[in-house]
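Scroll down for the structure; my scribbles are underneath it.
Per-chain residue numbering starts at 1, and chain names A, B, C and D are given in the order in which the chains are listed.
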Amino acid sequence: MSSWGNGVKLSVFGESHGEGIGAVIDGLPPGEELDIDGILLQMGRRAPGRDKAATPRLEKDMPEILSGVLNNRTTGAPLCAVIRNNNTRSQDYGNIMSCPRPAHADYTGYLRYNGFNDIRGGGHFSGRLTAPIVFAGAVCRQILGRRGIRIAAHIASVGGIEDKRFCGTDISPELMERLSCSVFGLIDPNKEEPMRALIEECRMSCDSIGGTVECAITGMPAGAGSPMFYGIENVISSVVFGIPAVKGIEFGSGFEGSRLRGSENNDEFFYDGDTVRTRTNNHGGILGGISTGMPIIFRTAIKPTPSIAKKQNTVDITKGENTVLEINGRHDPCIVVRAVPVVEAAAALAVINILKEVNMLGA
Amino acid sequence: MSSWGNGVKLSVFGESHGEGIGAVIDGLPPGEELDIDGILLQMGRRAPGRDKAATPRLEKDMPEILSGVLNNRTTGAPLCAVIRNNNTRSQDYGNIMSCPRPAHADYTGYLRYNGFNDIRGGGHFSGRLTAPIVFAGAVCRQILGRRGIRIAAHIASVGGIEDKRFCGTDISPELMERLSCSVFGLIDPNKEEPMRALIEECRMSCDSIGGTVECAITGMPAGAGSPMFYGIENVISSVVFGIPAVKGIEFGSGFEGSRLRGSENNDEFFYDGDTVRTRTNNHGGILGGISTGMPIIFRTAIKPTPSIAKKQNTVDITKGENTVLEINGRHDPCIVVRAVPVVEAAAALAVINILKEVNMLGA
Amino acid sequence: MSSWGNGVKLSVFGESHGEGIGAVIDGLPPGEELDIDGILLQMGRRAPGRDKAATPRLEKDMPEILSGVLNNRTTGAPLCAVIRNNNTRSQDYGNIMSCPRPAHADYTGYLRYNGFNDIRGGGHFSGRLTAPIVFAGAVCRQILGRRGIRIAAHIASVGGIEDKRFCGTDISPELMERLSCSVFGLIDPNKEEPMRALIEECRMSCDSIGGTVECAITGMPAGAGSPMFYGIENVISSVVFGIPAVKGIEFGSGFEGSRLRGSENNDEFFYDGDTVRTRTNNHGGILGGISTGMPIIFRTAIKPTPSIAKKQNTVDITKGENTVLEINGRHDPCIVVRAVPVVEAAAALAVINILKEVNMLGA
Amino acid sequence: MSSWGNGVKLSVFGESHGEGIGAVIDGLPPGEELDIDGILLQMGRRAPGRDKAATPRLEKDMPEILSGVLNNRTTGAPLCAVIRNNNTRSQDYGNIMSCPRPAHADYTGYLRYNGFNDIRGGGHFSGRLTAPIVFAGAVCRQILGRRGIRIAAHIASVGGIEDKRFCGTDISPELMERLSCSVFGLIDPNKEEPMRALIEECRMSCDSIGGTVECAITGMPAGAGSPMFYGIENVISSVVFGIPAVKGIEFGSGFEGSRLRGSENNDEFFYDGDTVRTRTNNHGGILGGISTGMPIIFRTAIKPTPSIAKKQNTVDITKGENTVLEINGRHDPCIVVRAVPVVEAAAALAVINILKEVNMLGA
């Protein structure tokens, strides 16, 4: 199902080479001003062809808002935005109809939909479907921004090259602002050159490379979220795994924390003036599924782009035999770069739902 | 919200020191025989006091089935099971009423429920609430077992000590069977002694230790799951993060895979007789949110038990000042051991929902 | 599915002759005081054997609250209440195992659950399952009462004998109070005698009789509810049709209004001091799915009790032939009387969900 | 919320005078052929200006399918269809901005959305929003038709003039076929003239008139639906009340049945060859929320069009005083005529969800 959310529902539609893609967002608070330039900025960060590390396929990706907005403000009714598909070269994908690409959803999509799914360009499984998610996230983050909540992510690693991590207890608004506008977002700008070199090397060797994205949410009010199955970790992960290529998520100290002792991993509470804070943030701003008021921090693992120019073994399901596949399409050697704003968008969708559930979104 | 699921809904209730805890499971297929001994076996694996590495608090944990079962078979109506609370020593938890334990939900629960939550023993946030989850999972795994689906997990690591990992392409039914009955489940039994030594060392030093649990699902039919927000990763993680202390999850090669190149991480398809399989299983049995028919494999990060006997700094929210906390209750130095069957139960709940969605559960 | 609701979720479980029945209510606001006597009063109104017009089967129906309440206040965690089954005489229902009772769910339940459903006493389809609904509604109405919202229903008709109707624009708190405590609730007490006579006549002739229940909700704040599929009519009817024997519902002027002209049915707005009200209330307090602040009024059609002592033709599904059925159990000749508090409870559940959705429930 | 459904989800968007309206349908079975002419036929039945009894406003109402369809077959991915808005005359609605029309959602929409809703033409509350519902229903009814399920409704009454009712036990495929294509659908064609005369009289007197729509579903397999809150009555009513102006619904003998005795209302079972049927159909094809295999029959009450040319009293919420309103727009004197295909569409949406829940939709 391509629908998600309770208080604010997102319904994503479209296929890579169909007429268009888009989203319906139902349940937005009324009267919220939309900054269209801000939305286009976010969509531009995700769009291919803006950065030399990305695929040269150009998308116009101009969303047309059909409903839910009047005089630049949300009406409270469902907001539908449509992005037309252009510049598609379906012939690039000819042989995948019978020969599923390794690590892609070609084979599983074929099974799930009895062969009726639109396989061109990955169809509904295409990374292009993250454009409506970024659109929806951009709308939500503007609404959250007015409540003092900021969301920003960065390229935490490409292959073995790591950026600095967020300092869990003290993230400056300036850093959040800078990252949330970056096309190649890094805390430590010195990592850009080696990362780009590695990506270029992968491209030249007809290969691709994975990485991780780290995301921070600051200004989150304490006491939001619910126990058990509607905790903040549950909600964020339920939407983040909707991003193609995400294969892991961890909050706070995460997998590293699993190697620690309680005395090392526990975050002590203290009074900072009238506010209860923690001295460290191994809990990633979440205890028992509920926000502590400290920054929410999570990392996601992004697998290397499945589409590589190298020859690969696969099956021919029409002939029922093994075969060799050569993919000719245009593909990012590293989708981590463009995944950054998508992860932020997923976080914004999660947060707006979490706040709405506990009446913390305001009128 | 302590409710979860679409086709098969789970509603968990109870507080650690209240009258009782339990679960309602709605949507089970009718006519399924229940093996009560099998259910008690699973609950015994989770129960404290069965293993010397666990807390000495004894629970009787005998579930009483109130509805949904007749002549030992499911009727199709909601199944409710209640577990009475006994042997609670509320006085152990006296000072946490005003002094939240670091890394626990005391503080966030207080905020979320305006101080009205039952804080005794952790209340609804207690690890004890995983007993109904194990019960529900035990019911589901019996139903799945009849369809050839097996679920088993093991202690993948305690602190820095690691067990072997599942071989993603070839997991024997014998291993699955052995692990799914184990109290201290390991693929490599030689790791038991060093792990126990480390846990005992932590106990003696008034500390605790974290770890990871790896879970495998074999016999999963190919083509189950849905794209985007109802993919298998989304569904599994949305229930797994309902287990207290879980702070991360990864599928297949996960975070490690994010360091690889596409040519390394892509799993090539081939015909194994008439069946399409992959030669490696970095995808963890899931592509595009949908099962490939290969084993589904995921790992979860479990933080060290927050409750440690060492003195810790915290706040006194009644007095509004910093203070020092000493916890006297009985606590596991390593909850990873008892988390193993809970992770399996969560997986069973996820899988039964995924199969029901695509009509693969059968009559 | 026996689960319902979004913000406040209800999960009902149990079978008529099983171990017990009950409900889990998840999402209640914390800190709400429970008046147990008030709850028992409501349950007593529904219980059989309290009124001579009802079945002589006696239920103790004492709910045991297992969770979600501490020191008589809601904790915010799920509230589970269990009612034990006693005084069941399963032998009364022997021949219905193969011979479905006309107008009952015996036949459809058999099909739906492949014959595995617990058919004794109607199983999960039994009217006894309305006891947990009344319990849940009693909890909700106390919470709503604190916000000035009152809910009351009356026997609008038994067969052709009609009570007066609510005056849609002016319903006194005294009437609401009186009705919400009545066992045989009528606006016009003079109708009690002829109604009772008719019911007694039906009993004596081994027959039963239907009727209607009219329900009013006063003090409803204006502006609650949502357009289209989450309007107040949708929400109320989605829960009211969960009451066995309900076959129709109408709001405001309802079916009668369908015979009117716009100039007759339209309710004119006017200022009553600072408050916008309508001079008539054909809209039943709801326009576009949203409350106007006028009383919400709806009527439900209750079919005659299907279980009658008269011989009836039916089928024997074991033998595959037509047969004649004689039912010996104890049955109400008119369930309308006991349906009154159930309809109120359903309304309370609907209203608490509607208010929670729009943040009108308060802290 | 303008989203509905579990297995097949519908998300409706748009405002009467915005850029466009439409729907996203998620969860359709893949490989289903779409007969576009059949869809347009259904949309034409609802469209204004096709029948002299309807408003002269002409809509082109040509849906553009953006996704979910390839080579005229469903792909299994979400199907989005957009209908552009043209021919809108916003100036007609000028004075309703401050003066809410009686019996309309102007006032409640204003409250619900803090005045930010698009009030032009009724905005999201407009009857025009039923066009996407008819579109979605037309898609679903084609899928259901392939499984032998037919859906048809007729004008059961206009004011006091009544059509014949469906014979509950025997509805011919020819009648179903004829009605499901009719613009002024009646079982008894002799009622067309008096009904049209009454409607015309209302128009001439600047007034409007209400009525009822009766809908039948034939070929419904027995054993579909679930007890309590997901019964067929609950599901149908939860979507039918999403149609503006619907104020009541009854199944089978409904309100009339509430006046009967059990011996009159109970439908006796008998074997018709190998099939279990009932001799009468007062239960409307549903017992315990589950289908018996007999035709499902329900009636809905449609209030008279609120917009009438007659002067009406209302309030001016800007000035805070009482005032008189004169509406100049183009309005149907009787929306019952155009409501017929909308009710059918709602039924189709309900049925496809009900069948999907119990795995009866097939591959």
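The criterion applied here is as follows: a residue touches a chain if its C-beta (ideal position, glycine included) is under 8 Å from a C-beta of that chain, and two chains touch if they have at least 3 such contacts.
Here the structure is a predicted model, which means the values were calculated and not measured.
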Task: Please give the intersection of the contact partners of subunit A with those of subunit D.
output: B, C
Task: If we define chain centres by averaging CA atoms, which chain lands farthest from subunit D? Would you check?
output: B
- line: Cα centroid separation, subunit A vs subunit B, in Å, comes to 26
Query: Measuring from the mean C-alpha position of subunit B to the mean C-alpha position of subunit C, what distance in angstrom results?
result: 39
Statement: Here the gap between subunit A and subunit C, centre to centre from mean Cα coordinates and rounded to Å, is 46
Multi-partner residues of subunit A (at least 2 other chains): 1-3, 12, 77, 112, 124, 227
- prompt: For subunit C, which residues count as touching subunit D in their complex?
  reply: 1-4, 12, 100, 102-105, 107-109, 111-112, 124-125, 129, 157, 159-160, 202, 207-212, 222-231, 233-234, 237-239, 241-242, 244, 246-255, 257-271, 274, 276, 278-279, 282-284, 286-292, 301-308, 310, 312-315, 317, 320-322, 358
Query: What does subunit B use to touch subunit C in their complex?
result: 1-3, 9, 11-15, 18-22, 24, 26-27, 30-31, 64-68, 70, 73-80, 82, 112-118, 123-124, 363
Query: Any idea which subunit A residues touch subunit C in the complex?
result: 6, 77, 227, 359
